[in-house]
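Would you mind keeping the following structure in view while I ask a few things?
Each chain carries a letter (A, B, C, D and E) given by its place in the written order, and its residues are counted from 1.
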Amino acid sequence: MQLDDRNLTAAKPPPSLLNVNGIEVIYHHVILVLKGVSLQVPEGRIVALLGGNGAGKTTTLRAVSNLLGGERGEVTKGSIELRGERIEALSPAQLVHRGVVQVMEGRHCFAHLSIEDNLLTGAYTRRDGKAAIAETLEKVYQYFPRLKARRQSQAAYTSGGEQQMCAIGRALMANPKMVLLDEPSMGLAPQIVDEVFGIVRDLNTREGVTFLLAEQNTAMALRYADHGYILENGRVVMEGEAKALAENEDVKEFYLGMGGGDRRSFRDVKSYRRRKRWLA
Amino acid sequence: MTVAVVSRMPSPDAEQPRSGSASAADRVPSAAPARRSAGDVILDVQNVSLAFGGVKALTDISFDVREHEVRAIIGPNGAGKSSLLNCINGVYTPQQGTIRLRGQTFRHMNPRQVAEMGVARTFQNLALFKGMSVLDNLMTGRNLKMKANLFQQALRFGAAEREEIAHREVVERIIDFLEIQPWRKTPVGRLPYGLQKRVDLGRALAMEPQLLLLDEPMAGMNLEEKQDMCRFILDVNDEFGTTLVLIEHDMGVVMDISDRVVVLDYGRKIGDGPPDEVRGNEDVIRAYLGTAG
Amino acid sequence: MLYRENGQFKTSYRADQQIFPIRQDRIAVGLLLAVAFVVVPGLAPEYTFRAILIPFLILSLAALGLNILVGYCGQISLGTGAFMAVGAYAAYNFHVRVEGLPLVVSLLLGGLCATGVGVLFGIPSLRIRGLYLAVATLAAQFFVDWAFLRIRWFTHDSASGSVSVSGLQVAGLPLETPAQKYYFCLITVLVFALLAKNLVRGAIGREWMAIRDMDVAAAVIGIRPVYAKLTAFAVSSFLVGVAGGLWGFIHLGAWEPAAFGIDRSFQLLFMVIIGGLGSIMGSFFGAAFIVVLPILLNQVPGWFGLPLSTATASHLESMIFGALIVFFLVVEPHGLARLWSTAKEKLRLWPFPH
Amino acid sequence: MGFFLETLFGGLMAGMLYALIALGFVLIFKASGVFNFAQGAMVLFAALAMARFAEWWPRWLGFDSKLLANLLAFVTTMAVMVAVAWLIEKLVLGRLVNQDGITLLMATLGITYFLDGFGQTLFGSDIYKIDVGMPKDPLIVAEQTFEGGILLSQEDLIAALVAAALVALLALFFQKTSTGRALRAVADDHQAAQSIGIPLSRIWVIVWSVAGFVALVAGIIWGSKLGVQFSLSMVALKALPVVILGGLTSVPGAIVGGLLIGVGEKLSEVYLGPLLGGGIEIWFAYVLALLFLLVRPQGLFGEKIIDRV
Amino acid sequence: KEQFFPVLVYRTGAYAPNGVPWANGYLDYLKLVNAQGGLNGVKLTYEECETGYATDRGVECYERLKGKGATLFQPLSTGITFALTEKAPQDKVPLITAGYGRSESADGGVFKWNFPLLGTYWVNADVLVQHIGKKEGGLNKLRGKKIALVYHDSPFGKEPIPLLQERAKMHGFELQMLPVTAPGVEQKSTWLQVRQARPDYVLLWGWGVMNSTALKEAQATGYPREKMYGVWWAGAEPDVKDVGEGARGYSAAAMQHGVHPDAKVVQNILNLVHAKGQGTGPREEVGTVLYMRGMLSAMLGVEGVKRAQERFGKGKVMTAEQVRWGLENLSLDQAKLDALGFAGVMRPVSTSCVDHMGSSWVRVHSWDGKKWSFSSDWYQADEQILKPMVKSAADRYAAEKKLERRPPADCQS
């Protein structure tokens, strides 16, 4: 279904950094997950990817960063372009060299390494010297003081939230141009969630880093993003300026929980299984 | 047998008006506590301390959980919330303190004993059996209740088969309820993160616990899904009187559905009481909630 | 279009819990059994019985046993050969020392002895995990090899350490011709495969898999790791022990410890992994693959009239064998069984690609 | 007493030789999480190549300096081992990213078969000789102190020194370089390593090449000791308890494990063997390792096995 | 008209260096027979099958080739021999285990289908003790001496033990047993024990890499090679080649043959087979110890067929059962051997219904650092010792298997 919000995209001036054109992704040769997803991420913007569990957000990000191989998935149709260059055949490492880094869902810290070593491996691709790396490390510690306190602990023995910070920090260590963030807020205390989004905005405005952000915390995501896509069942069902999306009645009802204007209490929700779907 | 109990599992039918104690008045968020008479203390944690080498994960924590209540634990990252749950169900052994569970006092808890006493839990970092199907994952939750011995199972006649089917029925109801029917036979390793969380919950529910410990069950869900989950948790709580201990970072959820809240900070307890009271507590605001509240 | 489950609705959980819930599968299995019981014995030449079918069946049983341990319970074992040896030598001792003991009983008792030894060497698994556990099982392997070579009592005082049996009978029927042996193996293997299948799809199977996938979580939902691991060792080594007995009694007739050496352990591990970890069917696939492939490879040059020397052929065989292992792992790390189910999945969708 | 010391020394030397093979295992495991069963086959392959090239080069180029022949053969073999590493990455590991340890282990078993067949096809399956001028005759020391003196094998002594040097070098590499850290990251989580830009393929080629180098050194030493023939690949089985006792991830562990196993098995065979009928050293090595593991399940120096929910 | 010879060999694996020359010799001899016009006009055909010295693969080879009308089998591995001994009677195929296999199978009264022609390990061991006794100046001089048996820890290595124990009892020497785990690449502790015990002699019962390793370890521990005597499987070129000078002085049993580059049959092979480019292996190998052994083994099989033809019809293809009769009634006297080109290589062989061994002539040869050469005269194993041992072991086997001894009438079948 096409929504009028489409029109709003037309006015976008900046050139798109990342262009995903109608990709299809299949896992294990038989499970078709993405059924023609297209999206644009303009340079220097924050784009949010929204949608329920199993909509295909993670899969989209994996397709972009080319991490599908390890999951036995493959892109079977469509193309992905970074600054006009096709990148489906590039290795993840080459993408990192081009400045695209992904923060994986579910943390994936290096269990046996200390937090600090985890962060330092993040700078593996950097060639700008020890001093510059140390500087970034300091910056990450500033963002997440908790990490500094736990720097010598083995990552496996830190708490869930600490690992999440570690994963985000590790990606930032690469000094990326574009970050693919998969559910960054998961498992973080509210203050830290604010902090993370603060960092996103900060990097975005001050260093021009582009973000593609898969997030369940819709309200937060739409607050910080410029543009949003809503995925359902492997298809983009709605897209538009973040503000416009936040105003949309359906989005309000299903993603922001404000059907009747105010936020409803969790205690008041009367029944389940009343999910409306754009594509049923 | 067990099946009878579970047939009272919340009906999956959406439109049917909800019965029982959940009257409209109960759902006014501001009038949170005392929805029903608070029961006896089911779990009593006394002066528990836990350290890993130099890291003090928990220092002298005491709190109790009463029957039928929804007890939330909140606190910043690394405060020791998950560690506390791990102590309760015997994964970690605290260096100091005692834990009293339904009248019995433990120093060392053995996970099996704890499970036998009707305690189930979900995990923060998914701890599902990745190679097994959704169905099998939930069925393991019922293993404690299965009685057939090895030989009966190998031959699979009569009792063993009947038992298997009876438990399957229970599990199917949970599957229906969690809306994961299409994935019944999919290995859980292939499910998206959010669904895996649901399966994790389903496995704990399949144990029909009296005390259910939930470690961030709603991380990675969107609002709509969280609403469902809350509804569900409340239903379980209402209908079976299952006592719930819930760790959650979403303050909306915590404030709305919990009866009492414990706040941890760097291994210490800095607050304990009904949501409203905790929300107003200076220490809690400073340590956790931030100015936003 | 032929392979559809459309229209086959399950009206009871019992129906859904059958071993083969899809009708076409049931038909296929029925046909397969008919072939195995009726057609094959009529057609197969003696060589096929002795060199392919019988070893295939026996090794399938051993692979099945190993699969329970490695595939279902996640405990790596490199000592399968040892447990086979225990089964074979124990059965031999019962056979020669107890006058008139029926063959089947000897074999089962052999299996039970293997169970004992298996559990004994399984005890370290309570503390040691993963590859480290391989050491415990290798200790079993080398120790058992040594014991049967060195301790003459086990070999009934034969000077060379080699033992032999003959004149086997089952329920009064002689076990002489290849076809008789084949039937005996086929029935034994089918019975045990069925029992094993029941175990793995029942409560204990789920306990094993739970321990394999995440042992801490398993403990939290009330599974005792001790019980789960030791039963896995027990069941596994029982099956492996019976297979060992069959291998010695039925296939070889005379054997020495080298028949159950470390190579055998590796061979079985190959079968299990190539066939598919955690799949009963996979054990059969794996055994077929590993038994038949070398023989095929060995004969292929002959068919094409290629004048390869034995050495070259055999080196080539080793290379192709290695390459195929890698190839199958690359195509499907979960083994032939998974490849098979993916193929079925595709068939189900056919003619549409997805 | 003299005999005890002799046995002890014998055990220590044998242990160093095991350590040399064990090192190859540790290296690859530590750097990629792959338990490389093909290490034995690589030793054989490298030794075969070395022996044959040392024979062929003088024939091809028509000279007869043994030193030059050995040098040329060494260089050629090393090049071959790098090529093998590259192929293994391209055809096997590169396609098995993010798979379970056991799948990878299996793949290396496949490689083992392949290399065994390939090596013998290329280089023949006879017994060949590597002659790098190792002294063969025994050295008797301390003849005044003990009757009959203590016998040392010069060959083993040299081998042990080489092994020690190699271990020191590798330990340094892992501890001190950022590549060392990246290698350990790869072993922990292939996907996450990829996601932060660690080029798995390059890393693997490097590691397997280094393992090839270690295999070559081991092949030369063992080959000149035993002669180059198929059984060489079986010394890997003797290295297994060593790696595991020392800890799969520890380079120094390989040495310590090697020494313990070497001494343990020689003493047991010599003093316990006659009571039990002999031939016990092979299982004794494993039982010894097992006993240590019961105390420390991750081996003496291995990283703690992570066990957390 | 074709007589089919299955050839079980191992050209790969740990024992390949020893297996290959044997196999080449075997094939070359069959080729030679064909080049000379076959067996009274019957052409010999053959097919190799790789066993890798593994019992189960050997059994598979047996099953496969048996189906193609095999004349006889030569398993070339003690393990495979044990397995086939149980199968051959049913399949009615004779087994030749020339110089290996089970020693008690020399008793044709019980082992109808086994033919350990030329001698068994007991023969081998017996002669080595005799030789040592002779060096010491008489068997009675052995009293109080110590002889160590370093053996391959397998049925093969354990075969000689009963005989040596018997001899030890008789002459009062001490027998020290030192097993070496297969394949035998690790022998340090074995040789430390040798160094400690300082035995007067070491008997080496090894195969494959174990032999060269033992010699190297002996060198490294300074044990004199002159005091080491090997079984005939430890006395060929691959065992000493890469030890070279280090093995100088080492001796081994040679059941009948040794190295014979000049024998007439070898010349025939070179002229009629190799010269036509049909040689199986490299030319240099022809005439070496294991090559000779392969050739000899083939010859024995061929002569068995020839003998059978004498009874059942010249120029006909013989069945396996008929060949069995031929093998049981071999009578290769010196004249026949000379005619075949084996002059100087071996002594007469003649079998009978009870004696399936046919000969127990053995020499000893020694390695001088470059080649093997004979260092003793002919010996014969001591019947007095051997016979009762063979009989009692065979009886035991028969009892276990509930077999009857063959009645004399059966000898004509």
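One rule holds in what follows: a residue touches a chain if its C-beta (ideal position, glycine included) is under 8 Å from a C-beta of that chain, and two chains touch if they have at least 3 such contacts.
This one's a predicted model, so the numbers in the text were calculated from it and none came from an experiment.
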Shared interface partners, meaning chains that touch chain C and chain E: D
Shortest contact path, chain A to chain E, counted in steps: 2
Geometric centre: closest chain by C-alpha means: C
Computed distance of Cα centres, chain B from chain A, in Å: 29
Intercentroid distance (Cα basis), chain D paired with chain A, Å: 45
Chain B and chain C: spacing of chain centres that average the CA atoms, whole Å: 42
Inter-centroid spacing, chain D versus chain C (mean Cα positions, whole Å): 32
Residue numbers of chain B (touch at least two other chains): 91, 123, 125, 127
Of all residues in chain E, the ones touching two or more other chains: 11-12, 16, 20, 153, 179, 181
For chain C, residues that touch 2 or more chains besides their own: 146, 149-150, 214, 216-217, 220, 311, 314-315, 318
Chain D contact footprint on chain A (complex, rising order): 65, 67, 69-71, 91-97, 101-104, 108-113, 117-118, 120-122, 124-125, 154, 156-157, 170-171, 173-174
Chain A residues touching chain B - in the complex, by the definition given at the top: 27-28, 31, 50-55, 58, 105-107, 146, 150, 153, 157-165, 183, 186-194, 216-219, 254-257, 263-275
Of all residues in chain B, those that touch chain C in their complex: 89-91, 111-112, 114-116, 120-121, 123, 127-132, 136, 139-141, 143-144, 146, 148, 150, 153-156, 160-161, 164-165, 168-169, 172, 203-204, 207
Residues of chain A that touch chain C when the two form their complex: 26, 28-30, 32
Chain D - residues contacting chain E, complex: 3, 6-7, 10-11, 13-14, 120, 125-129, 136-138, 140, 151, 153, 155-156, 225-227, 229-232, 234-235, 238, 265-266, 269-270, 273-274, 277-279, 281-282
